[in-house]
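Starting off with a structure, shown below.
We call the chains A, B, C and D, going by the order they appear; numbering starts again at 1 in every chain.
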Amino acid sequence: MNNNLYNYILGVADNSLILAQRLGELCGHGPTLETDIALTNISLDLLGQTRSYYQYAAKIKGEDATEDSIAFLRLEREYKNVLLVEQPNTHFGFVIARQFLFDVYHYMIMQQLQNSKDLNLAAIANKGIKEVSYHKRFSSDWVKRLGDGTSESNQKIQEAIDALWRFTDELFDILEADQKMINEGVAVDVSKLKAAYYEEVSEVLKEANIQIPESKYFTRGGKKGIHSEHMGYLLADLQYMQRTYPNMTW
Amino acid sequence: MNNNLYNYILGVADNSLILAQRLGELCGHGPTLETDIALTNISLDLLGQTRSYYQYAAKIKGEDATEDSIAFLRLEREYKNVLLVEQPNTHFGFVIARQFLFDVYHYMIMQQLQNSKDLNLAAIANKGIKEVSYHKRFSSDWVKRLGDGTSESNQKIQEAIDALWRFTDELFDILEADQKMINEGVAVDVSKLKAAYYEEVSEVLKEANIQIPESKYFTRGGKKGIHSEHMGYLLADLQYMQRTYPNMTW
Amino acid sequence: MSEHEVKKLEEIFEARIARDEKIEPKDWMPEKYRKTHIRQMSQHAHSEIVGMLPEGNWITRAPSLRRKAALLAKVQDEAGHGLYLYSACETLGVSRDELFEQLHSGKAKYSSIFNYPTVTWADMGAIGWLVDGAAIINQVPLCNTSFGPYARAMVRVCKEESFHQRQGYEIMLTLCKGSEEQKEMAQDALNRWWWPSLMMLGPTDAESVHTEQSMKWKLKRKSNDELRQQFIDQTVPQADILGLTIPDPDLKWNEETGHYDFGEIDWDEFWQVVKGHGPCNKERMKARVDAWENGAWVRDAAMAHAEKKQKNLKEAI
Amino acid sequence: MSEHEVKKLEEIFEARIARDEKIEPKDWMPEKYRKTHIRQMSQHAHSEIVGMLPEGNWITRAPSLRRKAALLAKVQDEAGHGLYLYSACETLGVSRDELFEQLHSGKAKYSSIFNYPTVTWADMGAIGWLVDGAAIINQVPLCNTSFGPYARAMVRVCKEESFHQRQGYEIMLTLCKGSEEQKEMAQDALNRWWWPSLMMLGPTDAESVHTEQSMKWKLKRKSNDELRQQFIDQTVPQADILGLTIPDPDLKWNEETGHYDFGEIDWDEFWQVVKGHGPCNKERMKARVDAWENGAWVRDAAMAHAEKKQKNLKEAI
């Protein structure tokens, strides 16, 4: 089995799974029906992508691996998502800020992944790019709406951007497996996206009357499987059925 | 195996386990260090009682049963605790109201259980009665303190009593297994405690300037294993390790 | 308008309905017709919205990615149904905010079935199979109801509901073909949802108000008891296929009537839940009110932003 | 008081300390002594209180009832230590509320180690073994420090800490005797907690302030680097017994010095965490501030009730 490819795929896919899970918590509790529907749509898109990635990863892994064994039966230390996507739904400002900070990044990755030498990954990216482009439009619009809405909403989205900013630098970390896959023309060299990312993010924030955080201190760990303390509780729910009833068909 | 006895013990013990778990969530997050320490004490007492009950139940069940397999490896529908104890820590008023409404009941049970023909149960009750008497004093005092404190605290404890009142009637339900154990002089006939319970509770509430709720509508189900939607999440955390790492020693 | 004129309009109106013409929002209509429709459509909309909660409870814990996605999509459909139905109400001159206010204050009702807790994963199957099944039986006739926007909304709703019902049944089928634990889970869900599902078809005809008028307006085509019998006759064979037992010792096929006889429904329970004292009424209302209150600043922001944009646009012109 | 008189008092004071007499709260003491003690004792108290959080994170998920009870009891002990230490501060004329205010505003520090997340159950073992182990090395000398209330508090604290340390080590031992997964979990925890534990002993002597004065007042008896060496020398053989590998390729026994040599500590990381930018600084402060703010109405109520009672009592007399 191609370990590097397998690990690279999980790194990309876990972001979608965990963010979809967070968005799934919100279903039925949003500020309007329209935002409920839109965020559920995003969650569904991400889940769809996750399934394509994991199905491919399961093939690579062989044995009895399935999309579900990969999604539900790993230990916390084996999930490779960035810290950003596991952060809680503190309030709607956090939901939007988290989505926006991820979408800009996600779109860049999908754009490049379309050119991957791995045709499976290229196909997933090709199918997903339209969806992610919609996500980015949705979250950017809401960043602007909240930033330029009332003084309360401006303060709340600012609070969220300030709180989540420290998780952005990790998005551009490259692990060993990633580097090997970059060298083979399979993976996206995210380190090269960093400047463009901050530029695009800053532009939207500026338009939204949001201060761009200046902190130079960042938190990382998710990509290496060292997650925040929120992650264990998220996984306890996510894995509950598969752990409680092993080896069954649903 | 004596099924009725086993089921009766779980019915009593699960209340302690689930309430201990709820109190455990609070550790480090209370309004003062003193209340943190006191509530942890109560949680520890309840856990201690739980262990004694489950150890006895494990002996009755035989096979490979242990206190931990009983505590952690049942399905949600197999937990027999009353709905009251699984209600969430909405705010400190709820914590105190839940504790108070349970403690008055718990004390009555322990008092009678001391006379059980089952010497193991009598011994557990004999050991526990002092602890539970302290719990009741603590929670009653706080009910009075909050009821007779500020108008805000009065309103908050009233809100909690109003919300939890509908779970009190279930405390006095008697299942088939219970009835058989009552007939044998093993179990406490809780139906006979009802009048005294409401009298004692009402007296404290009156002293605390809290309105006694008048609703005649009650919610039940926990004793039969039909729990509120809070329960699944509580169990996902409680069982997480045992489900994720089966058959290990910790 | 003179009394005579109103009477005349009413006659024309009733004649249109009798001819199966659709009434549209801008058409003249009796005040009672308008009010009855607002009441029924908003109650239906509220049921969709509150109905998101018991199923939403299992989204984070769904047992497979496929089921998680399907459940999410289903709950999203319910939000969509709520949206059409509130819009249909709006055509009659009542705003969504007003309707929410009625829901949150307890003035408006919603389907009582959603006041039961979803205790296991099998409840996702049972709700799809039984609750959506009963809903469809209630709703299919409404595709031909007299008020155009309601009828058109119901066409779409029924199509999606019947997809949900099949999906629910398929969850049950998978469980029943699975392990012993899964089969038990399925039976347990049937035990808990059977009677509340029968209650969904409404009180017995003897106790039902509004029926005659509703029949005339095609808001109703069959009585509650007829619908209930239809539901039972349709569902029992489905349970047989699953190998599950309907929790009613009195249930049995009656050769003479060509229907299933069934046991007595616990109407006390029904009325207790309707009056707000079911297992989860408080929790459902709290969830809706919390969502609404916590979302106020977001709605305010969207409004303020839209106004600013409009103002800038005007100034630019 | 004249400068001369103060000087005289100071001399008597220093002589008392030199004679190993205990200073008690009501005794005269130099202002700097008072301030230094408030700073150090409150910092210690804050560390106990914040230290409840990373371990509290596993109470609901502890893998057995026995471990759950032991963990609860341990976290409770930490609350108790906080309580003594705040009380010791109060004897020097500063209130608990003021001290909390300093913590919440970020003015007061607490031990940096508690800004790392507890990621697996094995962290409960590693914290007991390593973090409490390092704490004991820091604290045992304080049982003989000059300020009476602090010295007495430390006697009790150290006794309990050493119980906690044994308990933590026993958790590690159980894991290391367990399954492959458990052993991996233990190694992983050691990997993550080793370096932060070394940092707990404080910056290298070159960078450490306050040391000379603290030595004189018996707030310190050995330098940070000496304590660190002691910790390493004591811990490495314990890791060997567990069969775990210390994550330091440069670690090796030095026959000549009779100590372990070890690799370079990442002081950048240390200072980043101290300055508030560790993995969980924000979360820890938020948890403390939330607890405090959400508890305000409770504290107000208790106060109001006590006042009413007192008033009633007075009126009755």
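Operating definition for what follows: a residue touches a chain if its C-beta (ideal position, glycine included) is under 8 Å from a C-beta of that chain, and two chains touch if they have at least 3 such contacts.
Predicted model only: the values in this text are computed from it and were never measured.
S.K.: If you check the contacts of chain A and chain D, which chains show up for both?
M.R.: Under the touch definition, chain A and chain D have B as mutual neighbours.
S.K.: In the chain contact graph, what is the shortest path length, in steps, from chain B to chain C?
M.R.: 1
S.K.: With centres defined as the mean of C-alpha atoms, identify the chain lying farthest from chain C.
M.R.: D
S.K.: Need the CA-centroid distance for the pair chain B / chain D, whole Å please.
M.R.: Whole-Å distance between the two chain centres: 35.
S.K.: Could you please state the distance in Å, as a whole number, between where the Cα atoms of chain C are centred and where those of chain D are centred?
M.R.: That gives a centre separation of 58 Å.
S.K.: Whole-Å distance, chain A centre to chain B centre, using C-alpha means?
M.R.: 41
S.K.: Hunt down the residues of chain A that sit against at least two other chains at once, touch-wise.
M.R.: 75, 232, 236-237, 240
S.K.: Multi-chain contacts in chain C: which residues touch at least two other chains?
M.R.: 61, 181
S.K.: So with touch defined the way it is at the top, what topology do the chains form here? Options are line, ring, star, complete, other.
M.R.: Its topology fits none of the listed shapes; call it other.
S.K.: When you check every pair of chains, which ones turn out to touch?
M.R.: Chain-chain contacts present: A-B, A-C, A-D, B-C, B-D.
S.K.: Under the stated contact criterion, what part of chain A meets chain C in this complex?
M.R.: Against chain C, the touching part of chain A is residues 21, 24-25, 27-37, 40-41, 43-44, 47-48, 50-51, 54, 67-68, 71-72, 91-92, 144-146, 148-150, 152-153, 156, 237-238, 240-242, 245, 248-250.
S.K.: Report the residues of chain A in contact with chain D in the complex, numbered from low to high.
M.R.: 75-77, 163, 166, 215, 217, 219, 221, 226-229, 232, 236
S.K.: Going by the contact rule at the top, pick out the chain D residues touching chain A in the complex.
M.R.: 54, 57, 61, 117-120, 181, 188, 192, 272, 275, 277, 279-280, 282-283
S.K.: Which residues, counting only chain B, touch chain A once they are in their complex?
M.R.: 75, 232-233, 236-237, 239-240, 243-244
S.K.: Which residues of chain D touch chain B in their complex?
M.R.: Against chain B, chain D makes touches at 49, 52-53, 56, 59-69, 72-73, 75-76, 79-80, 82-83, 86, 121, 171, 174-175, 177-179, 181-182, 287, 290-292, 294-305, 308.
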